[in-house]
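As structure tokens, the structure follows; a few thoughts come after it.
Chains here go by letter, A, B, C and D, matching the order in which they are written, and residues are numbered from 1 within each.
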């Protein structure tokens, strides 16, 4: 017998980068255009509940999955190894609690950031009579065969956050995405910095699609604006490493006029590096993590925070229940992806939450708030 | 594996800090050529300050290595202490001092446990401290639900972040640098004391030491405690420098061991100086800075680092007489 | 005397020279062995016998000189090379792996292979055949060597050398660990091998067997060949004179007069542990008590029990009439007992530390006052001078010193503590004559200053020359005691199992 | 001293299997009491898959550790091997064999480098393999920003997903490699020499063993095993994955499995049977924790305790044996 996916594995997405010769293979021009278009689109769905809203919905039929409750919902999680995922997972658990009547059991398996383990985990879950399977894949290409195998068992599969290279899941849920994130940050930095200045791009790690797309969009902006990107460095999300890198660049170039980041986790460390060196903090982008938002407010930074909201962790549960009720859902399910600017900054500042909490958790109304997230 | 024919005796005492000083000198010359401003007081001070934690960890690791053991747990100990400090202080400046004391005491305690397991249960220290690495990381994640909570106070952070301002000539002198200098002097004095000499003797030949009345297990345990303490101080400086994160100490054990070996200290014990170990750490940090000045891409740096380590260690292995 | 280089010789060494860390251990040594000849090599401890054997068998490369084997000049790249050429060796120190079986040890490096796999049945069969050919009792081929006793290990070592089908077989003190009847077996084996035309190099301190077995004898002294003589043309006395190089009288410092003896320092009653049984012992201040016995008879075990390394598990130990428990070396040191191990490299020195650090090690370990540390260093420098340590300075790493000077440093380490009881285990092993004399002086001086001295030695003349009385050990017990002035024969008789003479 | 005591010593099932049975039994009990099932087919398949990857690396690691050495570069060799295999195959079945061979050849080359550095240049194995690991990391980080290449579908089918009942082919591969390593250690000259070199290099040398060659060969075999693990992972993942080795922490985990299995870190003693037991124990813990949905972090703590505890038990035994 075999668990092999019928379609066989597929490679990475084709690299079409018309006019962007230097782009990485992660750059898909059509997706890029679509995402930028979505930044301006209005979402449908209940107001004030962005996790239920959809941008450009394309509904799919799910009648074949209709099933009487209560359900057993299974979740194969890539990892719980950073605050973003921790906040998201707590939000997901709280969401599950709001559906106690419909969800009899919620099974969660943590792959600890290992592709190999996640493939085994998915296989394991397939033997557990799950009514729906939610997957947050660790790596796009390598998890594709396992997700395909899951689809073939007939269980409704819902993928969110990072994607897979197959359309077999019932739906793929995530916010607008990396191109949007990267573009917003880069546009801001390019506009606010002194013309012809030097930008340092700080990245977490290579190879994760949602992060790669952020950088490829940013690169496009900087190329067009003829900004001098003096360095692209990986920080591993380590604040100490970040500070050292920024410090070194300040040594080397005397001044840096803009900082672009593909994720906000180490934004505070980057800002501190300027402060500690006694240099003015240049235009910078972070994310919706509270430590950065507070610093932005307190230090009056020239900043912006594109987001990749953690409220997206609520949506897979909602989607699963809708699918099991036979209701139509959108595929892909694109969630709004708000940007925090100087104008709306105050809305997101919550002095009671811990510094590494993400403002866009959409969790204030959920059971256990705020204690669960502290 | 190796022939046992002793090679010709060397005029230089093996394990001394001379070779590492030579490497450091070469790197400094390269810096001076490529980025002369780096050697200006302001940037040099900041460089030394931010290098303080790894220098301390190298010193701590030195005690353990020179006594013939390994400590793989220091990186995760640093992480654990930073995370614990943040959660306990939770932004409240009044808790700074008690928590700092707790950090030091608990780090020493972890060292004590490492030492006791190694010398009483006779578990090779590689395994003891590997297990401890897993336990510490797991426990601290478990305790904090997988993401650091709370916040370090400004008072806590100043040791790793702030400086004595307006010093003549030097400008800002980071507290971290002062702390590391103080501890370096203490470490050097310690290594010249009876205890220090005994520690090296234990690493050289534990049987001979034991038959001369040395309490080998106790001596090695103290070395682990010292390594734990160094990790505690490093945690205070590193937490201060960059704030709380789960990455705070990751991989530092390997950097520290590498630094110690670069500094002329023999794995297996019995040879090398604590000054050499600390200079090894400084050299490693300078190497990173240099790679930046030469624009070596971040992703290629590990390769350059690996090549230089292999080269440096191969050269000194070829120079030193076989055991 | 036969001139080296006779036509038809199997092995022919010319002017072989070897230095370790700058110390010349072999100095232009010539040696030849004919097929079917047993050529004995004798000399004091440290004369260079084992080093020479290792050079012949490829363990070391000579610094200078040539090795001609079977008519061909050779430069062996290693023991494997020599083994292939037909040279087998039984090492003085057992070269066996305790975690491997007898058969695996015997065949290490030349395992029989069938269809690509090690043929274990063949290995077992060959092992049994080897032991049978040696006339030895059964040693289980599948036993772990670590589970065997020392005599059996020695047999394994011999079998291992025989397994090679060597044309030249080197035996470096093969009978040292063997009881009489086992030694007899070995002698028979040697004769049989000789009759098969195999050349044998036979190193031994047992002069009786040297005379019984060998055709020619070469005497080494301080790394030089003193003489090579046909066995039939020499006598024990001549040989000893060649070995020692001077008259033995006057070599050892004077003994204690009965009036010099002080109170009883140390007594043991019914002492026993895994290696020792029923030890009754009394050491008085001012006396040097020698300990004789064959290798493996428990002499070191006695010293190690007294020093708390492997403590007595039964019996009573009293120091100056107060019962003490010596559970560790540290406890022994606190009680005023010192111990100079027979294994200087493994247990005596910390090779890469300085002379001074080595000398201060015990004092530091006992710790105590922070004050007076400078004085301690000054005192130690004086002491190192007093025992005449020759080094490039007290900062020099001790491994660069000659064995004798290393030993003097170890002595200084203990002298500084002013021990009331001091245990010497083979204190002159592997050190040169001059250093030996210095060691003897120190030993005697310690006794005169009121210490009780226990001195283990395998060197019978030394034992007889130094001791005020000699206790002889056999199989973990004290077999008996002989007074000062006894003969070698008296000691050997006791050691070999004769009834106590006194 | 007797032959009897020897036989007992040799035949003892490595203690790790007792621990394994206990762990699985207790785990099974706890899982059942909490209303789940531990030994479903899917769980067993998953467990064996996880064991296969780690097991291949750990078997190789066993060889170098027995020889008194160590390999900290295996995690990078695993990653590199997935990439070499997948890129060479590029999704085509015809390139299957060349792809596999190329991956293995590259891995062997790295093992050769490790071995030569350690045996010839006499750099401590810890630093040598750490340094080589860094070289590889630099290559991987700068050369790859994500999965690359495509594994031949036939290999994916055969090695990645095919199974016989609940036993995946990959586990059979592990079984075969382990059996081969077992045979090598016990029944080949090389194996005997390796145990000797690890046990006492001087004794080995005096007995005519060419220590250098033996050690180099052990490192080549170790890297080959890591390379094979890479080929398996390429089959499992469908492409080359530049970080799969480090994500899997194959370096430290393989060493942990080896010592849990009773092989002495100092060399000269131990075997692959114990290692396989150690791997199954670690994978079994994974399975139990998965079923109980306990935190990965709690598991980490348990792993740490198990590793120290297991070795403490072995150390106790050796001391006990030495004293008796």
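In the analysis below, a contact is a pair of C-beta atoms (placed from the backbone, for glycine too) under 8 Å apart; a residue touches a chain by one contact, two chains touch by 3 or more.
This one's a predicted model, so the numbers in the text were calculated from it and none came from an experiment.
With every chain reduced to the mean of its CA atoms, the largest distance from chain C is reached by A.
Distance from the chain A centre to the chain C centre is 74 Å, each centre being the mean of its Cα atoms.
For the pair chain B and chain D, the distance between C-alpha centroids works out to 30 Å.
Centroid to centroid, with C-alpha atoms defining each point, chain A and chain D lie 35 Å apart.
Averaging Cα coordinates per chain places chain C and chain D 44 Å apart. Taken residue by residue, chain C touches two or more other chains at 78, whereas all remaining positions touch fewer. Touching two or more other chains at once are residues 80, 206, 234 of chain A.
Among all residues of chain B, those that touch two or more other chains are 3, 146, 298-299.
Under the contact rule defined at the top, the touching pairs of chains are A-B, A-D, B-C, B-D, C-D. Note for the complex: chain D touches chain A at residues 40-43, 45-47, 49-50, 53, 91, 141, 144-151, 153, 156-157, 160-165, 233, 236-239, 241-244, 247-248, 286-287, 290, 293, 295-296. Remark: chain C residues 59, 78-80, 83-84, 89, 91, 95-101, 104, 107-111, 113, 116-118, 120, 140, 142-144, 147-149, 152, 160, 274 touch chain D in the complex. Put simply, chain D touches chain C in their complex at residues 1-3, 5-7, 9-10, 183, 186-189, 191-193, 195-196, 199-200, 202-210, 268-269, 323. On chain A, the positions that touch chain D within their shared complex are 1-5, 8-12, 24-26, 80, 107-110, 112-117, 119-121, 123-128, 138-142, 144-145, 149, 206-209, 212, 234.
Chain B makes touch with chain C in their complex at residues 3, 5-6, 9, 13-15, 194, 197-198, 200-201, 204-205, 207-215, 270-271.
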